[in-house]
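The structure that follows is given in the form of structure tokens.
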Amino acid sequence: SKWQVWTEENVRSTFHKRFAGAHKGTFGTGLLLAGSDEMPGSALLAGKGALKSGIGKLTIGTSRFVSGILAGQLPEAMYKHDGLEAVGEGDVPKGIKACAIGPGLADAGKTDMALQHLMNTDLHLVIDAGALKKRTYPKRKGLVILTPHPGEFSRMTGVPASDIQKNRFQYALAYAQEQNAIVILKGRYTVLAFPDGSLIVNPTGNAGLAKGGTGDTLTGMLLAFVSSEKDVKPAVANAVYFHGASADLWEQTNAERGLLASDVSEHLPLVMKSFEQ
Amino acid sequence: SKWQVWTEENVRSTFHKRFAGAHKGTFGTGLLLAGSDEMPGSALLAGKGALKSGIGKLTIGTSRFVSGILAGQLPEAMYKHDGLEAVGEGDVPKGIKACAIGPGLADAGKTDMALQHLMNTDLHLVIDAGALKKRTYPKRKGLVILTPHPGEFSRMTGVPASDIQKNRFQYALAYAQEQNAIVILKGRYTVLAFPDGSLIVNPTGNAGLAKGGTGDTLTGMLLAFVSSEKDVKPAVANAVYFHGASADLWEQTNAERGLLASDVSEHLPLVMKSFEQ
Amino acid sequence: SKWQVWTEENVRSTFHKRFAGAHKGTFGTGLLLAGSDEMPGSALLAGKGALKSGIGKLTIGTSRFVSGILAGQLPEAMYKHDGLEAVGEGDVPKGIKACAIGPGLADAGKTDMALQHLMNTDLHLVIDAGALKKRTYPKRKGLVILTPHPGEFSRMTGVPASDIQKNRFQYALAYAQEQNAIVILKGRYTVLAFPDGSLIVNPTGNAGLAKGGTGDTLTGMLLAFVSSEKDVKPAVANAVYFHGASADLWEQTNAERGLLASDVSEHLPLVMKSFEQ
Amino acid sequence: SKWQVWTEENVRSTFHKRFAGAHKGTFGTGLLLAGSDEMPGSALLAGKGALKSGIGKLTIGTSRFVSGILAGQLPEAMYKHDGLEAVGEGDVPKGIKACAIGPGLADAGKTDMALQHLMNTDLHLVIDAGALKKRTYPKRKGLVILTPHPGEFSRMTGVPASDIQKNRFQYALAYAQEQNAIVILKGRYTVLAFPDGSLIVNPTGNAGLAKGGTGDTLTGMLLAFVSSEKDVKPAVANAVYFHGASADLWEQTNAERGLLASDVSEHLPLVMKSFEQ
């Protein structure tokens, strides 16, 4: 199958400045279902990733306890207390363009219920972490974007992680085509597999990203990019590229081991600036 | 009608350093009624906008839950728990010069009650977001400043937003004169319409501002400027100008899409410095 | 009476680097009784002022609600829930060298009770804001440092603020000698009056300090300086000097009106560095 | 006995860049049992020290109240509410490599219970502050690392602190060999004593570290280094070295007295960068 490394050139030719007359509605409202009482930070990291990547408006569905933790750090977001439960009862907010679900979610049952309702919408879906498992995805109008690391992909496929790592292209592509989903198989040289059979490999990032939380940041970034960009492939490829490029910029002046997921978001605007046409 | 673009020259000639012997009482105390349990951040953003713009003292009336979220980020403010309800019962704090109401308010009934009491005072009022609706403003001594975006202005006037956008000057001016209020119709090239028939157009700002929360920041800035400046027209025009100029400065080194409302406040002192006489 | 302006030279000759073999015990533990549910930030600002000024250890006595607000911003401090009440019942923590009381305190009765017990100790006391009122101070071993602005000094003395402002030296000195207390009468050209009849005038600071919260920062700084320095006069004079000097440094690149009390603390280490011998 | 000063050369030759193909599992998950309702910040400081030093994943076991304080500042961590109590009942989380216990712990009984269970595991243990007392450590597979300051070492040994200070090498070494533990006797020229009889002296750090909280930061750093490095001696020596070196870098532009423990963590990645091979 055809595959390509997503290069600086690819980014430059697909990443554009925004329309000067835009308003927040132009860039789509996203819903983030993330965070639980013992993993509240995942929602913060994903939310920050989304806001720093240019989402128009963001609603974070999480518990009141978690909202209280997040809101001082992410005042630009709105909160829906117990948003996961609400969606699980069919109460999907109106006016949104995409939903990311999974970072820091601990309750598999509630997560499943919410996903069932989300599947019946036309929303683009980014599915990560606690929302990833062995499951069949229906044909639907909105995108399904899955963002497993090898351990999660093993859980989804039943294939041992070490086998997956030996055949990252093949496994990712097979799953993408079977499930009609975009598979973003993370780790060094992240692989993006599309249902149309194309494969993209991301060259950016470093071992500083090997720390809890960096995946949550990526999930939020993907939510913003699919909410606000029209062309899907460059949108997701650029999100993954910028995530790694931000870590690479940071590493030029800092020991990679000290990188935090928050730093990745923090430097995104600076990194993206150098690619803006 | 006469209109003008508010230029760098206008700012320079109307924006002055403070009186060296001033104390905090010199600059007026402001009251901010904002924030609710699912939109706490609006109050934080507006409060930060006010403090960074030079308000003397700030009291934020919001729930205890929201106060707990804000106070660690805005230790310079005081809090009045359930301040909206208190004002709605006629308990308007003494010694204040202006009140901003609306950002992040979710309860229309309580907001209306508070506004009724505020209308009966001589306070300058900045009315935004959740406090904007179809309503008649009485003749009063204090200013009424309305800060709708086109969607909110549509709700206030019954005119479709697309029509408003085609005739921003006319609609803003008509409303300003009818209601004896200053209308700040936001969006690219924000229009400021005054009851005396004059119109100001703001040239600053960029599409990075097209994100949830940036309007809240402006509301806080306006609260500070009308509390601490004597000459109303330059006060509000400068507030709007600096809001956009801060976004423009930020955009010189960052991709605009990554701009957060907090960044706007953060850079205000630096931006204002270059205009200070 | 003899008075002097506290000059850069005075600071340089009295401000020293720390002893290389010091440990945290060397610099004294301070107790800060400050903050209430609607004025939590005062405690944060004072606490930050103390820690950035070199206190060895800091315990903040405040409500559990306020502690929860502060601790994420001031993790270096310890907290005593309901510390004001505890001291009011005679439970003064052991091992401390000085106590600051007043910023953000709302309950006059409890504050009085605590002060009564504190007066019976040998601790240095910094008394500010909510703890300042008409009162007689007993002869005692520890210092009594009072930090009123003209309005508070008027409340303490019964003299109208406008009269005080016309005779700042005389009023401050008379009170200092009557009450055997150090009076720091704040505002432009802050006056420090000592019981021995000497007067110091501070030349630093600017109108950016004319905003809620800056006095709280100074209170914390004074707590640190009297806890860790032996020579009292230079200790308090340097604290006041650095407070203003930090505002002056900040103002070189920022419009003064945008200064927040937090910024004052933030830049203290940089400012103090240039005076360290 | 043989002792050596840990030099810049030692650091350079033992501190390496990470393996490019690493994932978060490569660097080990750490458990931090720290923080109590009146000393919540200790857990924050230790957690930040661990994350900035390159731990793969971090779980902080602390109360729900403390978790709520920490999570907005340390979103990269996971939380286990009442983790100390859980471990005390034998519920030690699976999949972890090391545990640090002590900073900000107030309940000696619960701490002891937890330690008893931890002793029966193969985990590396870093024991500090509230978890340090007179105690006998069993022979075990995992490391025992004790990090007392002289006052704590006095409590552990019954020897007066002033005597300890006169014979730091001897007392540290005797205890290390008796108890088969690594003793890190803190203070200027921190001494590291190993059960094999070797002694390391750390040359970095300054009196700015003489402030509450800096020890907590070190504890977190040690947790990260023993979780992610294979060679124990350089791991702990480098952690202590970087802790002081960060303070030294900071002091080049700031008055040492203004140093906060948070600043130490903040600058770690920059400091470590200059030693990375």
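As written, the chain order gives the labels A, B, C and D, with residue 1 at the start of each chain.
Following the convention adopted for this analysis, contacts are C-beta pairs under 8 Å (C-beta built on N, C-alpha and C of every residue); 3 or more make two chains touch, one makes a residue touch a chain.
Quantities reported herein were computed from a predicted structural model and do not represent experimental measurements.
Counting the residue numbers used at the interface between subunit A and subunit D, under half appear in both copies, so the two copies meet with largely different residues. Chain centres here are Cα averages; for subunit A and subunit C they lie 49 Å apart. Averaged Cα coordinates give subunit B a centre that lies 34 Å from the centre of subunit C.
Annotation for subunit A: residues touching 2 or more other chains are 68, 72. Taken pair by pair, the chains that touch are A-B, A-D, B-C, C-D. Against subunit A, the residues of subunit B that register as touching in their complex are 37-42, 44-45, 65, 68-70, 72-73, 149-151, 187-188, 206-208, 210-214, 253-262.
Residues 17-27, 51-58, 64, 67-68, 71-72, 74-81, 228, 268-273, 275-276 of subunit A are the ones that touch subunit B when the two sit in their complex.
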